[in-house]
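What follows is a set of structures for review.
Look for chain A in each of the two complexes below; its partner is chain B in the first and chain C in the second.
This part shows the complex of A and B:
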């Protein structure tokens, strides 16, 4: 069964689907990376990265002319080129799913289920990711409309509950580690690396112009959410201590204490974490299967889901020790970002030149 | 159907319980004391809530809730958690830090640096970041054992009142997370309650930390409260004149100009009502006398922090940083050294809390 025949999605669903993928990143240590780079001006760097991503995306989507990356790579590079691009994307997404299995399982195990084995938690994640992969990208994106709003609302609730702990003087010096650092912090666009998935989804859209529309909207919404969250984290935890906490949103949640009214918000963070984890891993697995399906023109993508799940779990189990996991995650993330932002414009550009 | 399975998967994780742990199996620590030993390790004293005595307990044989509300267990070790594990094994209950309210260091431990303890506790997911750090004049063990909550059956609540109520003799303006953040900032110091032992514990002074190391102490908690903007319902006596009830509705306004010698301007605004006044003293004179008296006290404390100790206890660095655009420029300015020569311009303004009071009379 071809997933592209199952369900079409609108611009709204695609927008929120992408918002979930982007915003989920700040639940990890990505805010810390901004702060390590730009200090108290990290929020300016996040806004700058969102703007740069927007420009890159608009240029890429102009070059794409509404095509998806598979048909464009076939037209630009021939059958071998298309297969190479498809395998590369599929492998990267599968690796990402594996790494995410590990990261999410570890955090869930340490925060919420310390007495449970990692295997049990990974098993639950496998179940959710498997269901998501069977459902397909279209179904997952349709579900994401509500899920995205719930995710952003929950994050907003944590930030609102933390209002008494904001100290405005924490933003000084205004330019943090300097304007040159902010500008050279363009590497922070890795948070938006998943934007290239929109060029894999083209066949799912009801209208061709939705590709560009949903991408632009998603980057703007996520840019605002990530910038505001980073700004409020800086107001909560003074620099340089702010660069030392592994999970910034969890630190904000820890700080919430409205006396007798509301005393603990860690549960909200956990909700965000699990919620985004299921969707993120499900999305990577689904897109990996989709890429494989499109690359080899499979008639039934469901046949490969089991194998893909098994490979993802093996990757998760390989990245078992914390140091290895950290190195693997960092190195992989850099490669993933480079491919996500460089591959699509190259493929679409060559196709336009050959036209 | 697929959506339903997906939602069920989420719920399975969301609706997890407490991992099979019962409250009865836990020993809840309400205060931790740390003393140095001769061998270089530490003596950790845990004040654990006694479930049979707290608020009268739950059993038929429970007491009246006024005795033995705490059980004390001491263990030697390298870290709070290894000592906690040893105590758990000894008492047969699992030590739980989630209700801990107070962390007391002996002066010897504090002088050697406390960053490792604060860091470990703050990062521990089972521990709230709102622990109050304090320094014991004698040993931390003696100090904890002197906790005597005569009127409060719940020791955690008692400690909260002791440090955080408006009537507290001290001021716990810094919790363990703030402490950790301030120690990571080389420009800023901090003050925590200083506890001494008498019939019960007394907390009428503050200990000063430079980074994570004990640097000194001061007694004038009232001035510290006012500089922190936390003066509430303070009865202030003016010699041979009367007394005022002072309330601080707004935080002090602070501005710092970073010249070769930093100039720090502080305005403390207070509302006052007359509690008592001698017949021959006009209210305006009472306010003026209080302003003058408080200004002198606060100024002395400011000079003590800068000229004597050289530690920015009040965190003026955060206002000074507004003068600089980048961290590089700020670090070049070297606030830590400059603060030692800071000039203060202090203003204390007291205005009547209520207007339209009848003066004079028959």
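This part shows the complex of A and C:
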């Protein structure tokens, strides 16, 4: 990939891009997973997970020495190793994009378009994700700067409008299911699994902009957003009822009583859900294509976008809502998180040792 | 007559004309490069080139001049209506025919003598290339040939009738200059030069169109504009392989990056003050002969959404106007789509009382809300389009008839609901509040896309189109500058004044995405009087 073909991004854009990827996870049931584990102290667990991710990231970025994962894997493992790493990352991201197509389509169908078919919704998602993939990671990251601020502001607005529903007594007991539970809840770092994408996009950074700085800022901002949101969700919905909702933010939006033209704030949630969905799927697809492009040194990444989209749609159509809840789905995310957090330090570590 | 009724008669052949393929070669004279010593050769070539005397507006006047007692034949050619007869008489024919027998300096050649002493005109050029002499005849020059000379003279004697400098028709302001560009290249460049009043202003000449050779000026401040940007403008203008470019708006379509995108990527303005502001920021302007619109490149979407008047108004007023304008942009783009989405897909979002009121208002209408909306939008577009075509006083009458009477009648006849009239009217009014005519056109087009998306998938459809639309905007570039800069990609430039205004004295920095040579256009503290000790 020649330097003139890529749209360079700055640290701020990369930061907000990652923030969207992280924060969009709490629109799903991830808050519930924290609450299931730590009870009313889930917000402490989210902060702990953010801290743990930060430490892991700092160590990994120290090992990387500013290299991206492709050049590092080439230096560490040779051509075959680099190709294996590239194919693994590309396949994982493509699989993720396919699963996300399905998840977003199912939820949009249930909350906004109950009379429409999933396929029709997937079709619109394909259109948006396809345009995002064609635009490329650089443009998507630039776009994320505006979208990130708008989306976080929308989330903040929902939380602010919900102030009348906050009940302080909901936070007791302060340590929830116990301090040991909080400490052992480090598995919650799966929310931040997308942090490894920053090691794929260093080629997009402007000269002098730091991958490490972007990652650290993104983890801190999203850690604060996720912790505050979890805390306010706990204040709104008492435990254990709070662990039962599939879409916790939608639940908060339902509780908002606007009474001015609009009754409630689900419209804001819909905006959050759809936009973050487009960016998330677009990002997975773009990074999958990027990995493939870097692995096989393609001259034009756009040639493979159509095929990648087709594969993602096939994955989406194969998976149905019930299978998404299945063990296979959970296992996939465990594998994804493991690869995201273990692969980069291994690759960068071997490279440093061989140097 | 009776006979004609009963007996067949072959009908008379009526004359009918059909265009058939024309395989005849276009008449053109034998190519000639340089001016000949023989006046007859030059005269013959000129007559053939200009199809004289078939071409009735071409004037060729032959004359004799006497140089040191020797009579030399000569002729002058000009286009009637473009060149001024009085100017030719005074500056060319009179001195050549009556004053030519002055004493020559020792060793002075005849063409030097004519150039230096006989033709008292400021814009006079000597040329060997006969085509370079004859081409400007179509642009108000006259060409003079004299026997025995292997050079000719081209004299700028433009005097065609043109529109004066009036108020810009499409960019009126209440406060600020009321001058607007007209169709005269030099009048337009003069408006810019007298406003900027700096020798750093460069106006390079370019010719557009292989045949039309339309004159254009590339204007920039040499101490501010990025050299690579100027080179890029020059490169694009010099690499358009087309016979004719007749307008700056045609040119804009040849030089913009993405044709199929709805957003305009080149600003076309009729206001000299807007061009001057752009040049001061480090942009490049292109003035095209025959067009009252001057192009400004590069541009961003935020430039399109601002009015020159913003800087003339005091801070509180311009702040208020910006807010109103932003609301107008959102309304003009999304109002009908949101209405459709709420009515058809998300009734639970709005208050029950409002929902009942809307449903009641629509209960007697036989169409679906999409058809109803499209009918109203179409009517509105028709009124708008017809209003442009008909003469002024009739146009306003048409607006009143269309807007009030037809609308009222449509509601009474239960063809549309009153709420739909309100939605379409608010959208229409909002679209007029957008300062850029091109951007308002873009929003007009995109409004229909949003409406269809809302009709198909409610808010999901709207957000899908919004995502794609904004992503395409972020992905677009205008002459190397990102179209959504300085927001996406985020640059170091301030972004507060994109949406709101800031005090005029707080400016100081030129847009960094233009990479100007000089980053500042004022001192950090521009109001030195406030802090200086007397």
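As a working rule, the second predicted complex is superposed on the first by the 336 of 355 C-alpha atoms of A that agree within 3 Å, B and C clash if a C-alpha of one lies under 4 Å from a C-alpha of the other, contacts with A are read in each partner's own complex, and residues count from 1 in each chain.
Keep in mind that, in the parts below, a contact is a pair of C-beta atoms (placed from the backbone, for glycine too) under 8 Å apart; a residue touches a chain by one contact, two chains touch by 3 or more.
Values in this document were obtained by computation on a predicted structure and should not be read as measured data.
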Partner chain(s) touched by A:110 [first = chain B, second = chain C, both, neither]: first
Touching partner for A:132 - first (chain B), second (chain C), both, neither: both
Partner chain(s) touched by A:345 [first = chain B, second = chain C, both, neither]: neither
Partner chain in contact with A:275 - chain B first, chain C second, else both or neither: both
Partner chain(s) touched by A:145 [first = chain B, second = chain C, both, neither]: second
Partner chain(s) touched by A:12 [first = chain B, second = chain C, both, neither]: second
First (chain B), second (chain C), both or neither touched by A:124: both
Which superposed partner A:188 touches (first chain B, second chain C, both, neither): neither
Chain B and chain C footprints on chain A, overlapping residues: 108, 112-113, 116, 121, 124, 127-128, 131-132, 135, 139, 143, 271, 274-275, 278
Contacting residues of chain A [partner chain C, same complex]: 7-10, 12-13, 108, 112-113, 116, 120-121, 124-125, 127-128, 131-132, 135, 139-140, 142-143, 145-146, 259-264, 266-267, 270-271, 274-275, 278
Chain B-touching residues of chain A, taken from the complex the two chains share: 39-40, 108, 110-116, 121, 124, 127-128, 131-132, 134-135, 139, 143, 167, 169-170, 172-179, 237-238, 240-242, 244, 254-255, 257, 271, 274-275, 278, 282
Residues of chain B defined as touching chain A within the complex: 2-3, 5-6, 9-10, 12-14, 16, 19-20, 125, 128-130, 177, 180-182, 184-185, 318-319, 321-322, 324-330
Residues on chain C engaged by chain A in the complex (per definition of touch): 345-346, 348-352, 354, 457-461, 463-464, 467-468, 470-472, 474-475, 482, 484, 487-490
